[in-house]
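Listed next: structures, encoded as structure tokens.
Next, two complexes with chain A in common: one pairs it with chain B, the other with chain C.
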Partner chain A sequence: MKRASTKDWRAAWIFLLPALIFFAVFIIYPFVEGLILSLSVWDGFSPPAFVGLRNYEELFRPGGLFLKSLANNSVFAVYTVIGKNVLALFLAMLLNSKIRGRAAYRTILFLPTCLSFVAVGLVWGFIYNPSFGILNAFLSLFGHASTISWLGDPGLALGSVAFVDIWKWTGYHMVLYLAGLQTIPSELYEAAAVDGASPVRTLGYITIPQLAPVIVVNVVISLMGAYGVFDIVYVMTRGGPYNATQMLLTNMYEVTFQQYQIGLGSAIVVMLFVIVMLITVLQNRIGRRLEE
Partner chain B sequence: MIYPVLMVVLDSLKSQREMYINPWGLPKLFRLSNYTEAWSVGKIGDYYLNSIVVSLGSLVLIIGIVYLASYSLARLRFRGRGLVLILFVSTMMLPIQVTIIPIYKIEKALGIMDSLIGLVLPYVAKALPFSIFVLTAFLKTLPTEFDEAARIDGAGRIAILIRIIFPLSRPGLATIVILNFMSIWNDFYLPLVLIHDPAKRTLNLGLVNFSQLWGLVDFTRLFAALAIISVPLIAVYVVFQRQFISGLTSGGLKA
Partner chain C sequence: MSISARRRLFIMALGLILLCHSTSAFAKPSLVVYSCDPQGSASMQKVIDKFSAANDCEVKLQTYPSDSYMQVLTAAVNAGSQIDVVFANGQDVRFMAQKGIIMDLTSKIKYFDRFYPNMLVPYTFSRKVYGIPAIAANTSGVYYSKQLFAKAGIIKLPSTYDEFVRASSLLKKSGVSPVAMGGGDIYMWPMWFFQTFAQTSKNRSFERTVDTLLGKAKFTDPDYVEAMAALASMGKDDLFIPGVNGTSMDSARAAFVSGKAAMFYGGTWELGGWYKSGMTADDVGAFPFPLIKKDVIAQATGGPGNAYVVYSKIDPSRMDLALKLLDFVSSDAMSEFLVIDTGNTNSVNKYVKLSKLDSLQSTLATDLLPKTTTFLDWIWPPEITKAFQQQIQAVIGQQTTPEKAMQAVQAVFDDLVKKGYKFFN
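Let's turn to the complex of A and B:
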């Protein structure tokens, strides 16, 4: 017996070895190195110089681009988290009722999840095109010609990009909500119907409380996605016009790989990591409270 | 919801002029010249090959490494097992951008920048935490009687690993394959940062360059390129939609 367990021990570490090597070289080491770089000034060529917290002071300088992109990113997060979750829950409730062709709707609504952000961004860039885009052509059908510059107007660009992100991910969240809805015992709805509860009260007193854990998961996923957004913004607006759609990671890309302020870029990444950690902590807190 | 996808396919068959005159309707005749031009002039064929090599290479490594690690974590008893699991689980949520700058530095030092292997290695690393989490949970559901019966029949450790448990873990592996295939195939960030040689571009990176080249003047060719890229993926999705939907949402459902 003892012999078998020493053998187990040796085999276990041999099997784990490849994973641990990859993990150490491409996750742990870069993570630590990133923290160190965020305390340095480095242009990628000359040796890095330690500067303490100066990069972070630079980030939080009032009127700086980082604070602007953090603000933009937070607005983007509010738009997309609310948009995706409200729309997804609504669609999930529709599909949960007995309608014909439910499977087909699910397939179609989930489809954009599988497409790349690049493809999605390029197509929507065309739809939004001010002179020959489909959206303005459609709006022109109702009276006077529309020439709105959806991505070129600093007041509209953020909302326009957020809409595309909502379009891409709503189907994904809908599937999660649908799975959640199917776990709610039908007796609850039957009892509500017997009591003559209105659909709004049924939603507020049965569906939403029963779904609370699923809502938390969906909000957390969409919140993480919002602060990690890059591809779609890069493809559609490059952070413009006038930085109106500048996000944390588009800002980081410019700072790091175009201006070669690698230390400053690393500090932005550390701030992103802090945001992800805060979201995780919040999720655990709320999750624990829901269990009680 | 589905309209943008239809629009791409319909407009890709039209001529430039026809698209402006008739943006809504069906194309007058079925012309494929946009496709042939996108394929040859736009080099979509080369980009396809690069994407396939990167995705397949990554997936083979991911399956092997994840399977071995998960087998160890799920079915062997050893000291430090809990610690290793915590290490993997705690980095599950880490976005790849958090590690990109040092990865860029490492690849420069190793001389694998601007190569397909330079994409494969970080993709494999990125895939490990969540994939190991999923497969370990799956392997724990397989009864240990399988191993014991095989051992009594005289099968060695390696035989059990490869011939008994591996075939049984196919459903768990399918989830991992779909999840990682989608995220690697659709990834844009890593090639954008790590690939500068035009010959090594993957599909998404190529597409962005393509759009900068032709996008503002020649939407029909761009749409042909988009259709070439998306339609096979959509076809695979429609055929395996149940596996796709459950695979891609497994992250949310397990959390």
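Let's turn to the complex of A and C:
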């Protein structure tokens, strides 16, 4: 291959420069600034004061809200990752078959993905309303208690919010699984049918292994989404009742904007960055192993 | 490029610069006003339009929800955006004064006698006045549906807690919830604590709170625990709409307006909403918070509403115009207009007396307002306010005991003191 000339390098830099400037100004600089702030105490008005790792010590204090938020967020991640991926794969497999109105079903299932988080949170807040929400009204038709407090009961709130998140994003993951299913050679299924494989064995020995890279991508995306959740939780429960749905970002929001502890809020964001980095590293390792 | 072309370009650029400069020289003076009052913004805009026309200036009113305008203000301060005047939530004035965000107005305002003296107290720290009261003096009470009370056979309005529980029982039998409350929006829970603590502190809730923040008392003292225990009883006695901690304030208002709940505890700021929904004084009445103790007064909680404050780093060239704006919006004429237009009952201006009050407004103005004590979250640091919000929600929902709740609040305060907190007074 011909070695790039100085002219080629110049052209490359000219084309890359706008993106690099954008990246530096809107990604690198805020990240570095946030890192510095996480080592400071700052209320947004007085000059910041350097305090070293004190903010991080406070985050990991036993019984603190950060650890509770981390625990809640992790439980939320388990619910939503499993919920989204299992349901999305199931729906994708249904839609991969030749059924009438397939395109319409695909559109309907994908629609929630296009809705605004705030609108979704508000609407589901009304659906879940204990007194006049349609969910309780529907359940009362079957003789069940009609005043279940879906968002007011600490034992139910996290699951209720997770359900909404699953409802909103399943369509998105379904589309990814559908694309993956359509790349599986049909000869594999034909061969399995000839050998008399049951649907379950077909799923376990053909579909899942063939979809492995897609599954990894979907799991990682849904994991990142789970740890980055804010809007739906903030609109529906504000992290309550009694911190039962407090997530990392809702905790960060409260600490930063309602308690004016911007340094501590920045430390939470840095910890979130570490979590996302770990997920990314995991994804890369699994991806490389699958390729091998 | 030839010399003459370059010269032409230079002259054009110079002309453009001069044109812009001359345009800006003739530009109207302008003020930027940040407001935390979306409900009153339409009325305030009318007042501002009058001021702008009379002073040949431009006043830009930027309104944000009360629970988020401070974030916008923080961003604006750090971005160096123009900020001149703020219509601030009274709860934030102490913090803003302490942090040097707003200006000491003591020597800049000559018309303090326009206001009721007690309306200036919440905005006065170390004998310096940092804000002037805006529009209406707020109070609070238990709004009730006259039709639902009549239907349930409640003839006498409850004045004690036992009577309140009995009335609630009758309401439940008639098929409605007693009290609509949006417990999911935790920022409203402290108002309930202000009511109970006003009584358990023997009507010295303001003084006790100042003592506590100065370290002379503790949040775990018996009067605090008793006040929290009263709220726990309300949750245990099932006085609230089902699933109260999962209900928003908007849903709670909807439940009251639609007749699903017979009572709603709130401030005078709710009046505008009741009237807009079609309710009248024939439908809605108000009575004081029930007595939970003997030998005390059933005080209401409230205050002078929002505050007009001036940004401490306002451009000196805009200072006079900003002070002129404050004088105008707080004048008797404008205050009267704003009180009526926002559906309130009592102006913070002592010479403004509304003549046409309906029976509901009259109850609030004559029965409740004179017995009003200041909102305590105007004195609490934000961390304590947050702690109270969460603990009250938990106590109502039977998730924690009153004792543990107050221990949790005290723990937050102890942590603040360790980090150097000093009560700004």
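In this section, the second predicted complex is superposed on the first by the 268 of 292 C-alpha atoms of A that agree within 3 Å, B and C clash if a C-alpha of one lies under 4 Å from a C-alpha of the other, contacts with A are read in each partner's own complex, and residues count from 1 in each chain.
FYI, a residue touches a chain if its C-beta (ideal position, glycine included) is under 8 Å from a C-beta of that chain, and two chains touch if they have at least 3 such contacts.
Fair warning: this is a prediction, and the values are worked out from it, not measured in the lab.
Novice: One more residue to check, A:Gly34. First (chain B), second (chain C), both or neither?
Specialist: Touch partner of A:Gly34: chain B, not chain C.
Novice: Of the partners chain B and chain C, which touch A:Pro130 in the superposed model: first, second, both, neither?
Specialist: In the superposed model, A:Pro130 contacts chain C only, not chain B.
Novice: Please determine whether it is chain B or chain C that touches the greater number of chain A residues.
Specialist: Touched residues of chain A are more numerous for B.
Novice: Just chain B (first), just chain C (second), both, or neither: which does A:Gly265 touch?
Specialist: After superposition on chain A, A:Gly265 lies in contact with chain B alone.
Novice: State whether A:Ser46 touches chain B only (first), chain C only (second), both chains, or neither.
Specialist: Second partner only, chain C.
Novice: On the A-aligned overlay, A:Leu151 touches which partner chain: chain B = first, chain C = second, or both, or neither?
Specialist: So A:Leu151 only meets chain C here.
Novice: Look at A:Tyr242 in the shared chain and tell me whether it touches chain B only, chain C only, both, or neither; answer first, second, both or neither.
Specialist: second
Novice: Looking at the overlay, what does A:Val274 touch: chain B (first), chain C (second), both, or neither?
Specialist: In the superposition, A:Val274 contacts neither chain B nor chain C.
Novice: Could you say whether A:Phe257 touches chain B, chain C, both of them, or neither, answering first, second, both or neither?
Specialist: In the superposed model, A:Phe257 contacts both chain B and chain C.
Novice: One more residue to check, A:Leu290. First (chain B), second (chain C), both or neither?
Specialist: Once the two structures are laid over each other on A, A:Leu290 reaches no partner at all.
Novice: Could you pull out which residues of chain A sit against chain B in one structure and against chain C in the other?
Specialist: Dual-contact residues (chain A): 125-126, 132, 257.
Novice: Quick one: which bits of chain A touch chain B in the complex? Just the residue numbers, please.
Specialist: 5, 7-9, 11-13, 15-16, 18-20, 22-23, 25-27, 29-31, 33-34, 37, 106-120, 122-127, 132, 134, 137, 167, 171-172, 175-176, 179, 217-218, 220-221, 224, 228, 230-231, 234-235, 249, 252-253, 256-257, 262, 265-266, 269, 272-273, 276, 280
Novice: Can you list the residues on chain A that touch chain C in the complex?
Specialist: 41, 43-46, 125-126, 128-132, 147-154, 157, 237-238, 240-243, 254, 257-260
Novice: Would you pull the chain C residues touching chain A in the complex into a rising list?
Specialist: Residues of chain C touching chain A: 67-68, 70-71, 74, 77-78, 95, 99-101, 177, 183-186, 241-248, 251, 254-255, 258, 260-261, 382-383, 386, 390, 393-394, 397, 399-400, 419.
Novice: Using the touch rule from the top, collect the residues of chain B that touch chain A in their complex.
Specialist: Going through chain B, the ones touching chain A are 1-2, 4-5, 7-8, 20, 23-24, 64-66, 68-69, 71-73, 76-79, 81, 84, 87-88, 91, 93-95, 97-103, 105-106, 121-122, 124-126, 128-129, 132, 157, 182, 185-189, 192-193, 203-204, 207-208, 211, 215, 219, 222-223, 226, 229-230, 233-234, 237-238, 241, 244-245, 248-249, 251-253, 255.
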